[in-house]
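Multiple structures are listed underneath, in structure tokens.
Below, chain A partners chain B and then partners chain C, in two separate complexes.
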Partner chain A sequence: MFYRQSGIYHTRYEATRRLWPIPFERWQVGVILLLVLAAPFYLSALYLQSYLLPWLIWSAATLSLTLLMGVAGQLHFGYAAVMAIGAYSAIHLVRFGLPFEFAFLGAGLIAALIGCLFGAAALRVKGLYLVMATLAMQYLVDWLIINVPAISGGAHATLQAPSARILFFSLENDLVRYYFALAWAVLLTVFLLNVKRTSFGRALVAIRDKDYAASVIGVNPFRYKLLAFFTSSFLGGMSGAVLAFCFYRAVTPEQFSFNVSTQLVAMVLVGGLGSVIGAFLGAGFVLLAPMILTNIVAMLSDFGWLNVSVNLLSHLPLMIYGALILGFLLAEPLGLAKIYDNIRNYFLVWPFKHSRR
Partner chain B sequence: MKNKSMKKFSAALCAAATLMLAPASHAQEVVKFGLFHDFTKVYTFVADEFSQGQRDYLALLNEEGGIKGHRFEAIVRDHGNEPQRGIELYNRGREEGAIYFDFLSTPVANAIAPRALQDKVVLGTPLHGRGDAMVGEAFPYVFPMMASYWSQAARLLKYVEDTQGGLKGKKIAHVHIDTPFGREPLPILQKLAEQKSFELRTFAYPSPGNEQSAVWSDVRRYRPDFVLIWGAGNSQTVSVREAVRNGIDPAKILSVVWLTETDMKNVGESTAIGIKRVEVVQPGRDHPIIQRILDKVYKTGKGAGPEARVGNTYYNYGVADMVIATEGAKLALEKLGPPLTAEKLKAGLEMVNNLDTKGFMPPVTITPQDHQGGGQARVSQWDGKAWVPVSDWAAAYQDVVWEEARASAAKFSQGK
Partner chain C sequence: MATTAEVARSVALRCENINRWFGGLHALKGPDLAIFQGEIFGLVGPNGSGKTTLVNSVTGFYPPQKGRIFLFDEQINGLPPYRIAQKGVARTFQNVALFRGLTVLDNILVGRHIHMRPSALATLGYWWWAKKEEMAHRAKVEDIIDLLQLEDVRDEPVDVIPLGLQKRVELARALAAEPRLLVLDEPMAGMNQEEKEYMVRFILDAHEDRDLTILLIEHHMDVVTSICHRVAVFNDGVKIAEGEPRAAINDPAVVAAYIGGSDAA
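== the complex of A and B ==
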């Protein structure tokens, strides 16, 4: 059902290499794209500004981290620090007088260089030890921002995003900010969908699966591990800049603390390692579930169906949230993307029971 | 269960009856306050009591008939100290019609401040948020309303100056948590050190401050005349314990506003007798406002939390926050008339002039220029059972504080 494959004949190589060979999926992608493009016209400011916009930006950040963790297999527990470098660089560069477009690129470059520096640890250590090295990055960057007032923005450690223009559109406008974030998320999605089909992406996958084996078949681990850190930090830094300019508009060190790093890792893991749709689902779940649960619980309490103290009321969503994560991961250890994939596979061969993979 | 629903039913009947009997002028307008706090992550040490105080005072006003036919409704939610959740609650609160917001979390309040300025809704930031928001011209819709951290640091130094016959040559240690909050008073302390020629040395311990032993042996070697401790929640109890363990006389320890009865109980009530703190509201139940709350809210079972908490320091801070906010609402309704909007509430708050609470807090005067409300505070001392005031309400070195605030606010205005 839905995902009809009958009538699809690959007669040319281009056709087999398409991203979505099944017509229904092309429709799906098109409809979703139309829905998000038209979102400002049918969503209220509340849902646009505090649900969809942060979801898009966090998805972009998750996609950048997915490239490193999911595709190249290098763990990173200090990704919020990478985003912080991007956010602070972008703001300082714009304040310095650079046009936003260049500051945006500069933010990516600075984040990539510093990210590479710590990523260099990956050349020597793996797994949990790499986690420690990236954790060190998180704490060093945090410490530096807090202790250098010139970076953090003075005694209050709050730095306003200056007014800026992107290609003649002022970022002061809510719509411009939304469409800019949307464009960035779409760009990253297209990049990540395609990167696995390039020699670069295949080299990263080879390294993820076994770096010795990769070097035996001629993939230089030194080069590709560094490149993975460079590319991912570049994109992460730019996502941080988008977060600062389009959503927060005032950055503080707390916005990029260790908690945020773990949230980003959770987004990648809950969504499904290495999956593009997983990045969107994971970011949506980790970011929006606490908000939605808080509102549901508060609504139940307002109706008088849940008569508990405010303290318990505020902890209930967290308990449900934790149970949900456990539940999802127990049901499908490969993440939300795999759950989607299972559903898709079911319909792919419906009414039969087994799909051939 | 049945009994409860019967009660509800009869209460609803009564309400309906009074509604029908009440003349049309008593038809009550509802003023909504969005009181979103961090009940689950970092600010848990204060949020519960603070929020209870806020809700109880609003309940008291409603019990007493509201203000000019206006009832107050508190929307209370948890934002977990996360800016994105705070922003969601802020947008939702605005859609529900809230005109006053209080987030009791510096990162969240700082993320909201530019939005509140743009959307023209009132953001109360007592004891959190940006210290330079006291400059009304730069932050027309942000109201710290109580002495900022800068004013608190200045007040503590002023106390030392008053009791020691001057600050000259004194050695003062600033022991703080290594976060923006801990570092915030540094510019004021440094300026005053220069002006009053005392020696200042800072000691930072890493957040969250559960382990501070290394720092305190340094402090002991420095042999300071006075020690400022600048932390919050558990890090404060650790600081006090370590200071005492290192042989520092508690009477020489001066704390930021975050140190309470509960903290002293955790340290051990008699461990640090004589330790001092700055306070902006009178703690305890010995005040008409608190008595009214006990009488009219708790006796009728409408309290927002356990009665034992009434009169705790943070509880009273929550009450004081609402006393000022509702005074603004009252003035707005008197002078500008209904319906009460955020713009009118802002104007009303700026009309608060010498608000007399009979000693519950210092007289508060908010003007379009000064959103700090005068910046008065006092020093109190732990006597083993309670905090006893050892100084009068007074503002200290406001020239230095305002100079720093204006410079910082100017940067904020340019940044826009």
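== the complex of A and C ==
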């Protein structure tokens, strides 16, 4: 309806492999990018800091996890632990005196190494057993952080993120924090989009889909599973550091508990396994839906349209939220990304439905 | 034993005394095999005679517990499958084993894996570090798409195209690896007469175009007798006949193995 594929002819291989081969969609992406770049100038500080900023950071984390779960097909139920390692490493490295840029890289590296340690052990097993192994990582890392005072500063302690500068800008500034998180999300988006068109990404998908066929065509399955763990943990650790420095500003072990891991898995699943736009939609849904639902329910009861006990009132948003997730996954197991895709494909040929192959 | 003509040609694949057990089942009882460079070599035999087990030994899935395998005089038994693939062996599977999450084009591009340098960093800097390589390999893949006439389905996801085409895509993926030895495990299973004829044509084209040595497992005797230079007949883990297709298939031992001879109980 809004744009069509007809009349767009690619005459070079490069053109068919562009990130967005349809010109209109390039414009779309450009407009969205402009909107988020200009967000601080038209959004109130509240919306920017408590909605858009966490959305961007959690989308980045979801993108890192979907590389492992969606693209490479390795389940990970301890991803919050990976982010925790990144967050705590970054804070300690900055406190140690390292410039933030290096601490940021170091956080990713430490998370990747520890993630790989578990990955290597875990990769001998598949499916549900891998879930168990990653769960073990979650609880082990949780326990270590809480019980080693050198890391957490003691049980129930809060570790303040030290002041740091990224390039020449101080992270004390709200705007700098926003733009840093935005840049990180954009970088990860570009990476994940590129994964879908390079030999690296194809090898990961190959081991996900049929590992014996992958090995017979020359892909070393163990190496690529480990690479997936390494890359994903690296990015996840750095996302954890971004979360600590740009959003939480002070970290406690509870911020990276098992609940958070399940939430991340939910973001990946609700958004759509392996999908880039799905990571943003999934993170947005899991993060914002409970808040919005709470607001709606509160508003309805203020109007007097919802005469239920206070107890039920506080649980109602969660119940609707759960029902929505179930509903979405029943209607479209491939997540919000697939729903978006269906709508897009419908309008691409509307009203000439028969022309769709 | 070998005639002078055979000595002059180099041996692409040599199997010596291959033994493979699955628990108590002795699936391969020490057959020897030599396939010459440039040959289309047929492997036939009743179900359960050890054909696929032999192929799995060659590609490294089930390494033989006894015996040796040489690819162009280089010992390859004991190597993991991906190392054997890097040495120049590619295969297709009896039941199609394509990557369902990828398009036809991407499936064939995976076949180029051993010739490419995949890296996460190059992926991030696609425009500077990966694009040129991707495009060069795309051109090679397009040659294969052209050879096997897959242009129409290039951008389709593999699980929506019919079985005959899927088998052709699998052949394309194997060809993309530019193998020295191509192993085809029942490429015509489940096909109708027309698809079969197409497949034969594609195999002959590929053989001629790419200077291949082909090891072909096939149950359709018309196919085997018309395109293979030599065949070996297996029964119960042993080689019971070998030679020019018609002669081998009419060998009394082979007839006995297939339909039961006078000396069979």
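The working rule: the second predicted complex is superposed on the first by the 350 of 357 C-alpha atoms of A that agree within 3 Å, B and C clash if a C-alpha of one lies under 4 Å from a C-alpha of the other, contacts with A are read in each partner's own complex, and residues count from 1 in each chain.
The rule is short, and it goes like this: contacts are C-beta pairs under 8 Å (C-beta built on N, C-alpha and C of every residue); 3 or more make two chains touch, one makes a residue touch a chain.
The structure displayed is predicted, hence computed values, not measured ones.
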One more residue to check, A:Phe191. First (chain B), second (chain C), both or neither?
second
A:Asn173 in the overlay: touching chain B, chain C, both, or neither? Say first, second, both or neither.
neither
Per the contact definition in the header, classify A:Gly201: touching chain B only (first), chain C only (second), both, or neither.
second
Scan A:Ala45 for contacts with chain B and chain C and give back first, second, both or neither.
first
Tell me which partner touches more residues of chain A in the superposed arrangement, chain B or chain C.
B
Where does A:Leu227 make contact in the superposed view: on chain B (first), on chain C (second), on both, or on neither?
second
For A:Ala214, decide between first (touching chain B), second (touching chain C), both and neither.
second
Partner chain(s) touched by A:His156 [first = chain B, second = chain C, both, neither]:
first
Chain A partner contacts - residues on chain B that touch it in the complex
8, 39-40, 48, 51-52, 76-78, 80-85, 87-88, 90-92, 94-95, 106-107, 110-111, 113-115, 130-132, 178-180, 183-184, 186-187, 304-305, 404, 408, 411-412, 415-416
Tell me, which parts of chain A touch chain C in their complex?
13-14, 17, 187, 190-191, 194-195, 197-203, 205-206, 208-210, 212-221, 227, 231, 274
Under the stated contact criterion, what part of chain A meets chain B in this complex?
44-46, 49-51, 54, 95, 143, 146-147, 152-163, 247-250, 252-255, 287, 290-291, 294-295, 298, 304, 309-311, 313-315, 317-318
Listed in rising order, chain C residues that touch chain A in their complex are 59-61, 80-82, 85-86, 90-91, 93, 97-102, 106, 109-114, 116-120, 122-124, 126, 130-131, 133-135, 137-139, 142, 173-174, 177
